[in-house]
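The same chain A turns up in both complexes below, where it pairs with chain B and then with chain C.
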Partner chain A sequence: MMNIAMMNRLLRSPSEVAEDCREDRDLASIAASALVAIVAGALLFGAAVGSWRGGAQIAFAAMKLPLVTVGTLVLCVPAFYAIAAVFGRPWSLRAAVSIMLVAGARFSLVLLAATSVVWLSVSLGASYDVVKLLAALAYALAGLAALGLILRGLGPGPGRLATVVTFVGVFLLVGGQSAWILRPYIGTPGRDEITLFTREHEGGLAYQLCVSVGRLFSGVPSPRTGATQ
Partner chain B sequence: MSLRDLLVLYGVIGVACAIAVLRRTPATGARAVTSAVATVFIWPLWAPFALGAARPTAPRRGPDAASVARIDRALADAVAAVAGTPMSEVFSPKIATRIAAEVARVGARLDELSALTTQAAFDARASAQHLKDLEARAAPERTVVTARLQHDSLMRLQQLRGADAQALEELAELLEALRTQLLLARYSGASADGAGAIVGEVWARLEGLGVAFDVGTTEAVG
Partner chain C sequence: MNAQTATSTDAPLPVPMPPLATEERPHTWTARWLGRAASPTWASEAQRLLLGAVLAAVFGVALGLRHGGAALVLGALGAPAGILVVAAVAVPAFAIVLALANAPLEAMELLHATSRAAMRAGLFLAGLAPAVAMLVVTVEETVTVDIMGFGALLVAGAIAGHAFVAELRPQLAGAPRMTRAVLGVALPAFLLFAAVLAARVWWLALPMLTEVS
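Then we have the complex of A and B:
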């Protein structure tokens, strides 16, 4: 069950939640609520993104986004624990994992807030590139919200910036690659079929974002439906 | 090692952790099964909480340590009193943990406030003396008004701290009453309705403590 009071605290008093994590206060309850929030937020955002293509893509994207988020956390938690210890914060594993989880929960809550915007843009007939950039923007905002909580979790003291910069580098690399492996989420423009995974070589994530920005600003027509006309 | 090998290894560790969770968890039924299933898939994220014990907290040394210790003891007794009975729905270990966490937070803030009021800059007696000196040497009215405001704020801080310490003590009394009520219900076979009402009262008082602190902090800063 999602603990609404906990979600409320996560949004209104992130410093307090971060302190609870560091001090090992009621961590099992915090972790359980955070995990539920992570899955629920990513699932709904995934469904909204997948609705551009419609049909089975909604279910596929709703299933894959929580998988990417949780999978990235699973891979990055040991790195966070080690990086924090190296830069002067030798926390317990429980404290390090709980800080990651509450940051992930904040990330997912921001995605949840952006879900209606994505859904509305899809309903209004937004192109593939607009939806893709909206999703990237939502992810960036969510990432900033999560970063704020991690910074509060690290607290003051030397090594804070080094910890954050190193960890963000690791997280972006792992998260970006995990997301890229499990694509597509929006759907493949110009394709009738809906596939769970794509096997095509489409360049990297950064390259695809640049292509979308280029298409939007150069006036080249952007795909408006998932299928070829 | 291929991706498949890694996934198999991940799954094996997950199943081993899940078995450990099922054997060690104090929860029963669906809750224990959910925890074990979650452990299979996300053991790096969940196993530290499902298997690890909370770090033992250092004994408190602040002026409210006695009240907090009484509350912790009463909570532990109350949980033990309802263990294995239908009354555990009225007062579950989870509720006790949350109350203990709230009390710990309130206690920590009280300690901060105590530490603050012992600093020279927040000494109400010194500010009273300062005010008296200013009035005695007929200092400008504006200076006296500012000094009076400072003194009043410090007095208010002290009053707030005293009121909250009193509230914490009353909470300890309430939780001891709850423990006795639950024990009575357990051994006499009576209904635990009275205990349910006390649990509600406990939450109301905890919320009251939180509100008092927020207002106090705002006033002290403003």
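Then we have the complex of A and C:
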């Protein structure tokens, strides 16, 4: 179950938790709590995002976001282990995995905090583009919180910046693509049917975010189909 | 590097590397293979170089997943080829230049630096392999795969080059002034040559990264 004290430590004292991971102290308990936090946070955030369309989309998004988060972590752990090692931190695989897990847990806890904001905006009738950008902003903030833990986890010493820059590059690519292949989360604007996956060519994640920003600032009406109002 | 070095009056005395204390012994797999060996042997360095190549091959297999079949084998052979060709062609050429410049460096030290650099590049590539496998299978545009694949290989090459220089620099710092002047030109020239050579080998050996959609 979710260890509240552990979650509190993760948010307030990330340096201590990161040190526990590096020193291989109580890793089983840390990893179990982190996994629960990752799944719970992503699940609830997914449900809030999916509520823009409503119906089955809530369940689909709630199911897919934990998959994306855990899948990205699984794919990025070997990269983190290798990048940390080649830049001067030859840790054990257990230490690398646990640091990634606690960073993922911190990420999901921030998503959990953003869940209510997303739900409220949907409830107030926010457009598709607003919800999409709000979700992207929540992801960016969560990413910064996770990055803070990774930086503390790396500790002082040479190669820290190179490790972070290289890893963040890999993580953004993998996370972005994982999220992209499992879309839609909010729903497809202008369409009534709810689909688990879409296979349409839509230009990629970065392109779609630019389209939404462009629509918001150019005054072109944003799709509202599917909003609960 | 040679007998001339040993007998030269202005060459500094070789600094013996102290054996690792018990508490300093590598405690992880990566520390063992990336760390400095107290007494490197030809066999152990060849083993390290081979391991680096095998790890790079994992990355090659990930690249080959986009097409499957023979591309898996081509990738497995092509990715380590750049590293091995630099180790087999560029490093011996650099060793000759070092000997001509009377640099205080033994062949074993050069091999040690080479194998550690290769191991770093191989480990980096192997670490990226799962992520690259997912990306090459799911990304729509071929050009994205090309940029990603070459980007990873170039970063791996830069990591190896940096590790190689970082390993040799302290040993060459004590060389006579004339030798240091020659090395000031020879070392960057070697790095440039190694980078171009590796890039050319990867270009030829990894056809999946040169196709356009």
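For the reader, a short list of remarks on this structure follows.
We adopt the following convention: the second predicted complex is superposed on the first by the 226 of 229 C-alpha atoms of A that agree within 3 Å, B and C clash if a C-alpha of one lies under 4 Å from a C-alpha of the other, contacts with A are read in each partner's own complex, and residues count from 1 in each chain.
Rule of thumb we're sticking to: a residue touches a chain if its C-beta (ideal position, glycine included) is under 8 Å from a C-beta of that chain, and two chains touch if they have at least 3 such contacts.
These numbers were taken from a predicted model, which means no experiment stands behind them.
In the superposition on chain A, no contact is made by A:51 with either chain B or chain C.
Once the two complexes are laid over each other on the shared chain, residue contacts for A:25 go to chain B alone; chain C is not touched. In the superposed model, A:115 lies in contact with neither chain B nor chain C.
Judged by the touch definition given at the top, the superposed model places A:174 against chain C, while chain B stays out of reach. Touch criterion met: A:73 reaches chain B, while chain C stays clear of it. By the document's definition of touching, both partners, chain B and chain C, reach A:92. Of the two partner chains placed by the overlay, only chain B lies in contact with A:101; chain C stays clear of it. Of the residues of chain A, those at positions 74, 78, 92-93 touch chain B in one of the two structures and chain C in the other.
If you check the complex, the residues on chain A that touch chain C are 74-76, 78-83, 85-87, 90-93, 166, 170, 173-174, 177-178, 180-181, 201, 204. Against chain A, the residues of chain B that register as touching in their complex are 38, 42, 44-46, 48-50, 52, 54-55, 57, 94, 97-98, 100-101, 104-105.
Those residues of chain C that touch chain A in the complex are listed here as 26-31, 34-35, 120, 123-124, 126-131, 134-135, 138-140, 148, 155, 159, 163. Across the complex, chain B is touched by residues 16, 20, 24-29, 31-32, 35, 70, 73-74, 77-78, 92-94, 97-98, 100-101 of chain A.
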